[in-house]
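The next block holds one structure in the form of structure tokens; read it before the comments.
In order of appearance the chains are A, B, C and D, and numbering begins at 1 in each one.
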Amino acid sequence: MIIVLRAGATDQDVRQIEETIKGKGLTAHISRGVERTIIGAIGDERNLDPDAFEGLPVVEKVLRILAPFKLVSREFQKEGTVITVNGKRVGGKALALFAGPCSVEGRDMMTQIGERVASAGATFLRGGAFKPRTSPYAFQGLGEEGLKYLAEARDRTGLPVATELMDPRDLDLVARYADVIQIGARNMQNFRLLTEVGKLDKPVILKRGMSATIQEWLMSAEYIASEGNQKIILCERGIRTYETATRNTFDVSSIPVVKSLSHLPVIADPSHAAGKMALVEPLAAAAIAAGADGLMVEVHHQPEKALSDGPQSLRPDAFTQMIGRLRKVAEAVGRTI
Amino acid sequence: MIIVLRAGATDQDVRQIEETIKGKGLTAHISRGVERTIIGAIGDERNLDPDAFEGLPVVEKVLRILAPFKLVSREFQKEGTVITVNGKRVGGKALALFAGPCSVEGRDMMTQIGERVASAGATFLRGGAFKPRTSPYAFQGLGEEGLKYLAEARDRTGLPVATELMDPRDLDLVARYADVIQIGARNMQNFRLLTEVGKLDKPVILKRGMSATIQEWLMSAEYIASEGNQKIILCERGIRTYETATRNTFDVSSIPVVKSLSHLPVIADPSHAAGKMALVEPLAAAAIAAGADGLMVEVHHQPEKALSDGPQSLRPDAFTQMIGRLRKVAEAVGRTI
Amino acid sequence: MIIVLRAGATDQDVRQIEETIKGKGLTAHISRGVERTIIGAIGDERNLDPDAFEGLPVVEKVLRILAPFKLVSREFQKEGTVITVNGKRVGGKALALFAGPCSVEGRDMMTQIGERVASAGATFLRGGAFKPRTSPYAFQGLGEEGLKYLAEARDRTGLPVATELMDPRDLDLVARYADVIQIGARNMQNFRLLTEVGKLDKPVILKRGMSATIQEWLMSAEYIASEGNQKIILCERGIRTYETATRNTFDVSSIPVVKSLSHLPVIADPSHAAGKMALVEPLAAAAIAAGADGLMVEVHHQPEKALSDGPQSLRPDAFTQMIGRLRKVAEAVGRTI
Amino acid sequence: MIIVLRAGATDQDVRQIEETIKGKGLTAHISRGVERTIIGAIGDERNLDPDAFEGLPVVEKVLRILAPFKLVSREFQKEGTVITVNGKRVGGKALALFAGPCSVEGRDMMTQIGERVASAGATFLRGGAFKPRTSPYAFQGLGEEGLKYLAEARDRTGLPVATELMDPRDLDLVARYADVIQIGARNMQNFRLLTEVGKLDKPVILKRGMSATIQEWLMSAEYIASEGNQKIILCERGIRTYETATRNTFDVSSIPVVKSLSHLPVIADPSHAAGKMALVEPLAAAAIAAGADGLMVEVHHQPEKALSDGPQSLRPDAFTQMIGRLRKVAEAVGRTI
């Protein structure tokens, strides 16, 4: 870590920072220039909090040398992680396709949609039983009943199922039914929840928080990994910006950036990013072209009647046709669907 | 709710939207103009999700007429809410002053700091026992031990204590010690946690999420209120923007905006907004001048040794002097400290 | 335009807004509901400024029904615009490829790079003679000398040339040499400059401003079109967000959104969006997959010695190889390079 | 400047960066650590462009040690700049009050408003003759006629006048009438315009760009100062964020931050920041409390009929009353109105 002091920093200021650095087990290297004094902290930087210096009146700037995450970094593991669930893979040449309704709304709809997306090429079935809703008055999901329908659809289609976990108290329940556990954008920094799924032996989809930096996203992955669970699938779903023409701004750059920093697979959720049916395909194609390892797409047999997120859901027919076109894009960049 | 259709919308498109509106118990009023067809949904708009229309290819725009929150709105209750805890008030003419360290680090430091801030004019003592930290490797708080020290400091100082709750599983534990429960910025949309504190008969500080709109913030307050707990204190603590000169951008406008929309008291946390000691006082003064009902300020006897957020903490002396100056600002806008 | 009044709006409030609407030549339609009064302004909404109502204490919300732009809208002209310059096209099935150095640095480098990009498949040559630089102490471009080298490179390669105009006083000079005039991101709302290029009979590349909404971008295009020049090429180059891992956030969604709202061609500039060499190809591929009509890519024979923007520039070899791979992506979405 | 290389950087990579540094007249200091090689560039850092390194594949991070601006920095000049125009001051203990209509709409209104604001305590009269409007179809200002009315109002009231300059071709015209020249937010990075006003001997108000960082804002001030004109008044007017409850987010923190970095006076424009009449006073009070050197407030005798920005304008009565209240806030922080 490099700490640049303001002009006029006194010897005592320098000594105090030096002591803090030593107190954390690192060595301080002082370099007094004509205009500024610069302190280098040498040793395991992960023990130092840049905030512990940045707010001090005498400190002008702090530069971290090493990334604050380790286990999930590309330096820690060179080759990309491939996660296998009941024979389906995330990572590697073939793209993973998570498809299904936003919410599980009933037994029949889950099975019907499941069969349709399976035959279109989906490799995982998704559906929410616990739904994070902005309004306390909105449909909150079917809970355990929904999980059961999801599991039944898995049995019928052979597709492993992914569903969201919102509360550590539901962990056992959700883990009993789900093959893949999803942590939603709003819970990306629910550190207690991350710690809990870190103790499981089950893949976790970690959605990027609505205003999370790429570094914070990887730090949340590190929370999971630090508990022992390395089966983490990152999912880009758009970030909050000033632009209102789309619900969120799909940050397609995050895909190549994350893949250079981390060995974890990254998938994209064009449905939530855009919030509009018509944008799902162009964003899905863009994600694949940029190197995504898969997609998560909302599919509903009657989008206009969906209990949540209807208008960003594709009908099964539209999904099937889209996959046909996306296959060509995937092949153009050396991947398969 | 007003739904504007794209040019070229067919009769069938109109009928379909009409049916959805009726299905939710509202009436649809169709107005066909030269250039656009506009549908008004008349009735209790809170049953309608704008997203349920916005993503449809045929829909151009949706305008909500009524705010999606009700119980926390100024229309629902004209006069401002005043919350009283052990004789200390939040709301009303006198400003509420929450002060104390970021983390509870030990028994002595809590009591010492507590006594210092009490004599400087603080009305509540704050301190974290469970800390949300970006890194899994950082100090996570003392847990129950910290809560005990906090309670002891209350007994010594007479100040009610406020502390953060991160996990619904800790609810009973935290509620046993704390007089006021804080929901942190990262948990503003942890809806399960909101639901749980909504069942308590204890004041809740609801910090604004890092990228939450004012409307989302009030919807999260509505979650708490809808469970029966109306003792909600909103806390502005800065939002995430492109500017990097400050840790967050303190959105001082949110104070008068929230006070016009809601009857709930609003306090400001200049320490987290700025991330820098030198900015705490100007932001605190700005918040008071803009109409805040109180402040939450981090105070530490040795900021350079604090286990978290040291550099944005004030020393007790500096805090005392600042309060002296802020008292004048408060009086200038008809308030007292 | 629909104007929603706050609860408690008086008859006089309503009358006053009605008069303003009538004063602009529109008709007001008043609808008094149980909870809110809503005023519809019927007629040519482009005469009304939503801001003229939005800030009034009695107004809660304003919804524009029609887009504020007309000439550049897809409703005004259904088929996409195709612009032809010396036989090269922008719009249509074949992608337009603008390539060349950020700044024109000399005669030889322009000709060399020009020949290399021409043989790799570029259809336009780019190079800046007037450079907008954040620092007054940085290289500001060669001025007219640079324009001459650019023109010479056009003569050698047969590629039409594009260059930036920053100042209305340089208009004649720049127009004398350039085949396509570029308006940079920082000048997207330099309305006097837009008005001037609107009077030319020459294609204009209009880069999106760093924090411009899609609507503002199209309004700036409308400025040009309203003066008579319809040959406008929109260029997405990334927007400013909180994310610091990339220089800007490349808003890939803007491509399909703009193409649905406007008949103008849209190209993408992955070099400026990313600010990093390694991200140019994934972003270029994403843009093509999302429907862009072309690319603008910085190419330099010695990026490490470039006088500006070196590190985001590709070497000619790398450019040639990238184009080979992008050709496949273009074909996958029914386009050609 | 400190340049951190990625793991795996080769000797050749290091040499190449070393050469670039030497080529700019600085010295390179190489430090090879266990995990990273770090290069320090020692000498006048203003000759180095961080972008020249940041995009290189081998570079991980770049840290500038010194601010890129010099003449406007607090280090260059310790004491705050005070600008005097016809006996009125900006900077120093007394606050500067710029008041008047958004646009000059006629002779009588200018004089009337001028007299009202003068008697309320304004020290400068503002009014736009050239208006930057998002739509080409909106009122663009009265041009020279407006400047004349403004000058007449100055003669009647004795208040120096401030007005916006949008185009270098209008410089002589505007300078003939105006005492203070305003550069609007949209032109903050119109570098040619900055260079031109830098050659004048007249104060310049430099508004912060809608998405400008504080550093970019100060760099634009440096453009003006580097041409010889040091009479620069910075004006915070809100930045663009995701929040839509206000037109812009008033960045009150920028006031103390700029005052610590620069010796230039900083005023605040609460009218544009908020876009709403009801927010003008709380934001004005917040700005004063945070240390602003003055305000710019829109005042109109008939806001509902204003040709631009009516709803954020105060009536003269309201302005007078507000100033009375703000005087107390100013005194509370040791300033006067």
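Heads up, the rule we're going with is that contacts are C-beta pairs under 8 Å (C-beta built on N, C-alpha and C of every residue); 3 or more make two chains touch, one makes a residue touch a chain.
Computed from a predicted model, the values in this text were never measured in an experiment.
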item: Pair of chains joined by more contacts [C-beta pairs], A-B or A-D; value: A-B
item: Centroid comparison with chain C (C-alpha atoms), farthest chain; value: B
item: Where chain A and chain B are represented by their mean Cα positions, the distance between them in whole Å; value: 26
item: Chain centre separation in whole Å, for chain D relative to chain B (CA means); value: 31
item: Whole-Å separation of chain centres (CA-atom averages), chain A against chain D; value: 39
item: Sites on chain B at which at least two other chains make contact; value: 211, 240-242, 244, 274, 278
item: Residue ranges of chain D in contact with chain A within the complex; value: 2, 4, 7, 33, 35-36, 38, 42, 61, 63, 65-66, 75, 211, 240-242, 244
item: Of chain D, residues touching chain C in the complex; value: 16, 20, 23, 46-47, 49, 51-57, 59, 68, 132-138, 166-169, 186-187, 189-192, 194-195, 210-211, 216, 219, 222-223, 226-227, 240, 247, 274-278, 303-306, 308-312
item: Residues of chain B touching chain D in the complex; value: 211, 213-215, 239, 241-246, 249-257, 260, 273-274, 278-279, 282-283, 285-291, 325, 328-329, 331-333
